[in-house]
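Each of the two complexes below includes chain A, the first together with chain B, the second together with chain C.
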Partner chain A sequence: MLGALQAQEYTSRTFKDRRVINTNSVETLAKKKLDIRITHRFGDIAGAAGGFQTFFGFENAADVLIGAEYGATDNFDIGIYRSKGAGSTADGKTGLRQLVNASAKYKLLRQRNDGGMPVSLALYGLLSTSTAKKTNNQSSISSFPDFTDRMAMTFQVIIARKFSDALSIQLTPSYTHRNLVTHDDENGVLSIGAAGRLQLTKVIGILADVTLPVSGQRTSPKGYHPSVGIGFDIDTGGHVFQINLTNSKGIVETDYIPYTTSDWSAGQFRIGFTISRLFNL
Partner chain B sequence: MKYITLSILSAFTIISLGLIGKKEAKYVGVLDENQSVVSVLELLGEQNPNKPNLSIPGATVENGKSIVLEGFSHTVNGSRLRKQSKHFVCTSCHNIKREDPDLAIADPDARLPYVVERNLPFLQGTTFAGIVNRTKFYNGDYYKKYGDLVNKTRNNIREAIQLCAVACSQGRELDDWEIESILAYFWTLEWKMSDLDLSDEDYRTIKAALEMGGQQEKRQAVTLIKSKYLDYSPATFIAPPDNRREGNKLKGEPSRGKQIYELSCLHCHEDGRYSFFVLDNSGYSFRFLDKHFPRYTRYSPYQVIRWGTSPATGKKAYMPHYTKEKMSRQQIEDLRAYVHEMARGGAEQ
Partner chain C sequence: MKKTLLFFALVFILGFLTTTSQSCSKKLPADTLPAACDTLTISYNSGIADIINRSCAYSGCHINGDVPGDFSTYQGMKSRLENGAIFDRVITQKDNSERRMPPTYAPAGYPTELTPGELDMIHCWIADNYPEN
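And now, the complex of A and B:
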C-alpha cells in the first residue's frame, strides 16, 4: 500500500544530477529511467585561442558528448556515450580521439538521516575506446599497435555528504589508466577530486569541482593543470540544464584527468553546458 | 441387495442434507453486519452488473491486486508481464481503503481528518473501496476532460477501468483477463453492511423486508440501503481563483495545510515518486511554491490543483487535477497558509 508518508530514512538528492561539472556525483539514476544527455565544451574564452577572434570560444567546440544512461536498479546505472575527445599532452601531442565510452556506477552506501551512515558512497567505472583511424606515426598514441591500445579506463570511489538542503560536499579518489601513452608519459594516474553544491533556490544551485592529479609528472611547471569547474544547475523538473566554466577541454574522465593542460590564469577556460532529459521506460 | 439399498439410501440422505444446507445458506434469516451490501441487495432483488468473469484464463484476484498495487501482472507460469504504465500505478491516485466518514457524502473537508487518522494519502481519485458498489463512472464534469471517451464508461466499470489505464495513467491497454482480474480484486474491497451508517431501526426494516417483505417493502429496503452510500463519485471542475494574489478570500489554517502538503503533494512529488518535479520539506520547496501561488503560471499551485498539468513533450506523465469534491477551496487556502509559513522560516533546514 502506498500510504501516507513516513519519515525519510535516507538522504536524497545530495546532488541534483549525476555529474557535477567535470566529475561524477554520487547520484545514480533511478530504476527504469533513461537519461539522454548532450554535453558541450566551447573553445577558450580568452587567451591566445580565445577573445573576439573566436567570439570568446563560441565558434569552437573543444569537446562534445552525446549519449544515454539507464537506471538498471535504483542504485546501479549504466551509460554509453560518444565523445569527440579533446585532451592533449603538455607538449601538444593529442590524446585519444573519437571515443566510445561505457560507464557503470553503483551506489554502495546511502547517507541516513538518523546519522547511522554519515556519507553516501558510490563506485564508478569508465571504459573509453578510441574509434579514431590508426596512423603510421609510431610516436603518436593513435598508432594503436594493438586494439587494446585504443582503451583507457577510470575507476573512482565517490564519497559524498549532504550537510543540509543547501550544502553538499564530495571527495573522489580516482585511478585512470591509459593502455598506450607517449614515451615520456605514465600509464597510470592517481587523482583526487572534490566537488560541492550550494543550492540557492529550488531551481538554481551553484556547483564547483576540482580534480587534481597526484603525480610528479602532472604539475603546473610541466604544463599540466588541475581541472577546475564552476557553474550553475537549473532544475525545472525532468530537465536539468547545467552551464559552467571550466579549463578542461575533455568531458570524460579518461580525457580530462590526464590531459588538462589549459590554465585558468591564461584565460584558457570555456563555457560548457549539459542538457539532460529524463524518460520513464 | 440390502447393502446396495442402504448405500443408495445413505447417498440420498447425504445429498438431501447437502441440498437442504444450500437452501438455508441463501438466506439465514439473520442480517449479519459482515454481509456484503451487494449480497443483501441481491436478496432484495437487485442485480449488480460488475461481477467479474473468472472463467477467462489468467483472471485471478492475485493478478488484479498486483496490477492495482504494483502495475504489472503475471502469466500462468508466474513470469511478470509488461508494466501497465511507465508513469503511474493505480494507487498513485486512488486509495484502496475507505476514505470518507460518511459514505453518502463526498466532502473533502470531512475526508481529510479521516485519512489523517488512518495514515492514508489524500488523493485526486476516488478510493477503490466500494467501487463495485458504484454503478456510474467518470461522472459530472469528466466529459470536459475526456470528451466522448467517457460516454461508454458511465455505466460500465470495465470501460472505466480501460479508460483509466490508457488515458489517466497514460499506459497500455489492458487485456480482458487483466480487466477481469482487477474487477475480481475490487470485489475484495466491496462495502459490508457494517460500513453503512445504519440505525437499529434501519436494520429492522431491512430484516423485515428480507424475511417476509413484498415487492414494495423490498424496494423500500433497497432505497434505504442505497441512501447510505454514493453509487457514483461526483466530479465538479472548478477554476483557480480569478485573483490569485487574493486567492479564495478564506483564512487558511496552516496545520491542515501541512496535512495536505504531506498527504497530497509529497505523495507524488517526494523523491520524484510519480513526478519528475521534486518537492520536499526544505525551505527551497516552500519558497518556490509560495512565490508561485499568486502567479498566473503553470507552477502556481492554484492552477496545478484545479487544472492539473499537461504531458510535456517526450514524456506522458502529467498531474491529474483535484475536483471540488477532492479538495475544497478552504483546503487550498490551508495549503497556501502552510507553504507561506514554512517559506518564511518554519521549514526544516
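And now, the complex of A and C:
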C-alpha cells in the first residue's frame, strides 16, 4: 500500500519511449526489461538525391540501427547496438562506418508530482567503435593509425519536465568527441538539443527534436545544418512504433551531431521509423 | 535498493572513466601538394584550358549557361575558383563518385573522370592561385 503511494509521488512516462526521434529522452527501462529495437532512416525524399528516381528515398537506407537495451535497475540502462554509420564532413570525407555502439543511461533525478523536484535528469554516455577495415588512404578517417582512432563518444545531460499528460519538454546539452578527425576539423563538438512531446490521444503523440552544434566550424555556410526532426509515436501496449521525418542521416549521437550536412530546405529530409518490443527477462 | 543504486552508479562512473581514458585528439595530416608541382609550369592558357575544354566546357555542361558556370573562358571560371567550388568538386571530392566533377554521368564520348596527370595539373594550378598566363 505504501509502495503504491510512493510510486505516485514521482512523475511517470514523461516520454513514452527512450528516444524522441534522434534525441535520447530522460526515460529509462524498468528493471529486468529488455528492449529489442530496430531504427531505420531512408534516403532523401526530395532534392538532388531524392524524388521519384529513388522512390522518394525508399531505395536507399541512409542508416540502420539494430540492437538491444536492458534495464539493469529502474534507473540504469545499458545498451548495445550496431549501426551502419552515415556521417560525412561537408567537404565529402566520410566519417566512421560500421559502428558498434555501447551506451549507458543513468537517471539521477526524478520529477516529483508534489513539486519537490521540478525536473527529471539523466546522464547518458555512448561509445561508438568502427569495425570497418582499415584503408591505406592516409587522408581518410578510416586509415585508423591507432586502434583508438576507431572511436567516438558522446556525453549528455538530459533535463526533462512533464508539464502535463499532454506536454513534456527536455533539454540536452552534449559533448561529442571524435578521436580522429580531418585536418580542418575539431575533435570536440558541443551541442544543445531540445525535444518535446505533445500527446494528441491516449495512443498517438507528436514528437519533435532539434540538435544544434555549438561550434564555429559547424555553420550553414560551411555546409552543416542543425538536426531537426518531427514525427509521431504510436503506443500499442507492448510495442512503441515511431515514424518521423528528419534531415539527419545518422542515427547515433556520434554520427548525427557532428555530421548533419542535409538541408531541409533542399528537400534533404527523410522518413525514418523505429520498432521496439519489450521483453521481460 | 540503495546498495544496487550505488553499485550501478559506480559501474556508470567506471564506464565513463574507461571511455574517456580511450579518448585522444588527433587530426589527419593536411592534404599535400603533388610532387609534380615542383617541376610543372602551368597556367590557364598553357595546359589548363585544354583540360577544361575537353572535360568540362562542352555542350550540355559548363558552357553557354547549360549548367551553372561557363568554363569556356578564364573569366567564366574565376568566381568558382575564388570560392573554392572547383577545387572542392574536382580535387577534394575526386574519390566521391556521387559528388566529383567530371561526374560519372557525363555523356558518352566525354571523360567521367580526370587522369591522375590532369588532376595533378589542376591541383598545382589552383594551389598556385590559378594564373591566367
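Criterion: the second predicted complex is superposed on the first by the 274 of 281 C-alpha atoms of A that agree within 3 Å, B and C clash if a C-alpha of one lies under 4 Å from a C-alpha of the other, contacts with A are read in each partner's own complex, and residues count from 1 in each chain.
Convention: a residue touches a chain if its C-beta (ideal position, glycine included) is under 8 Å from a C-beta of that chain, and two chains touch if they have at least 3 such contacts.
Owing to the predicted nature of the structure, the values given are computational and were not obtained by experimental measurement.
When both complexes are superposed on chain A, chain B and chain C sit side by side without a clash. When the two complexes are overlaid on their common chain A, residue A:V203 makes contact with chain B while staying clear of chain C. Of the two partner chains placed by the overlay, only chain C lies in contact with A:I141; chain B stays clear of it.
Legend: residue contacts after superposition of the two complexes on their common chain; A:S12 is shown touching chain B, with no touch to chain C.
Of the two partner chains placed around the shared chain by superposition, chain C is the only one that A:G92 touches, whereas chain B remains out of contact.
With chain A as vertex, the superposed Cα centres of chain B and chain C define an angle of 160 degrees, given in steps of 10. Ranking chain B and chain C by residues of chain A touched puts C first. Between chain B and chain C, the shortest distance over C-alpha atoms in the superposed arrangement works out to 14 Å.
Put simply, chain A touches chain B in their complex at residues 1-5, 8, 12-13, 30, 32, 164-166, 199, 201-203, 235, 237-239, 277-281.
Contact residues of chain C toward chain A in the complex are 4-5, 8-9, 11-12, 15-16, 19-20, 22-31, 88, 92-93, 95-96, 98-99.
Chain A meets chain C in the complex at residues 49, 72-73, 75-76, 91-92, 104, 106, 123, 125, 127, 137-141, 143, 145-146, 148-149, 151, 153, 155, 177, 179-183, 185, 187-188.
Considering their complex, residues 69, 86-87, 89, 91-92, 96-97, 115-116, 119-121, 262-263, 266-267, 270-272, 275-278, 280, 282-285, 287-288, 312, 314-315, 317, 349 of chain B touch chain A.
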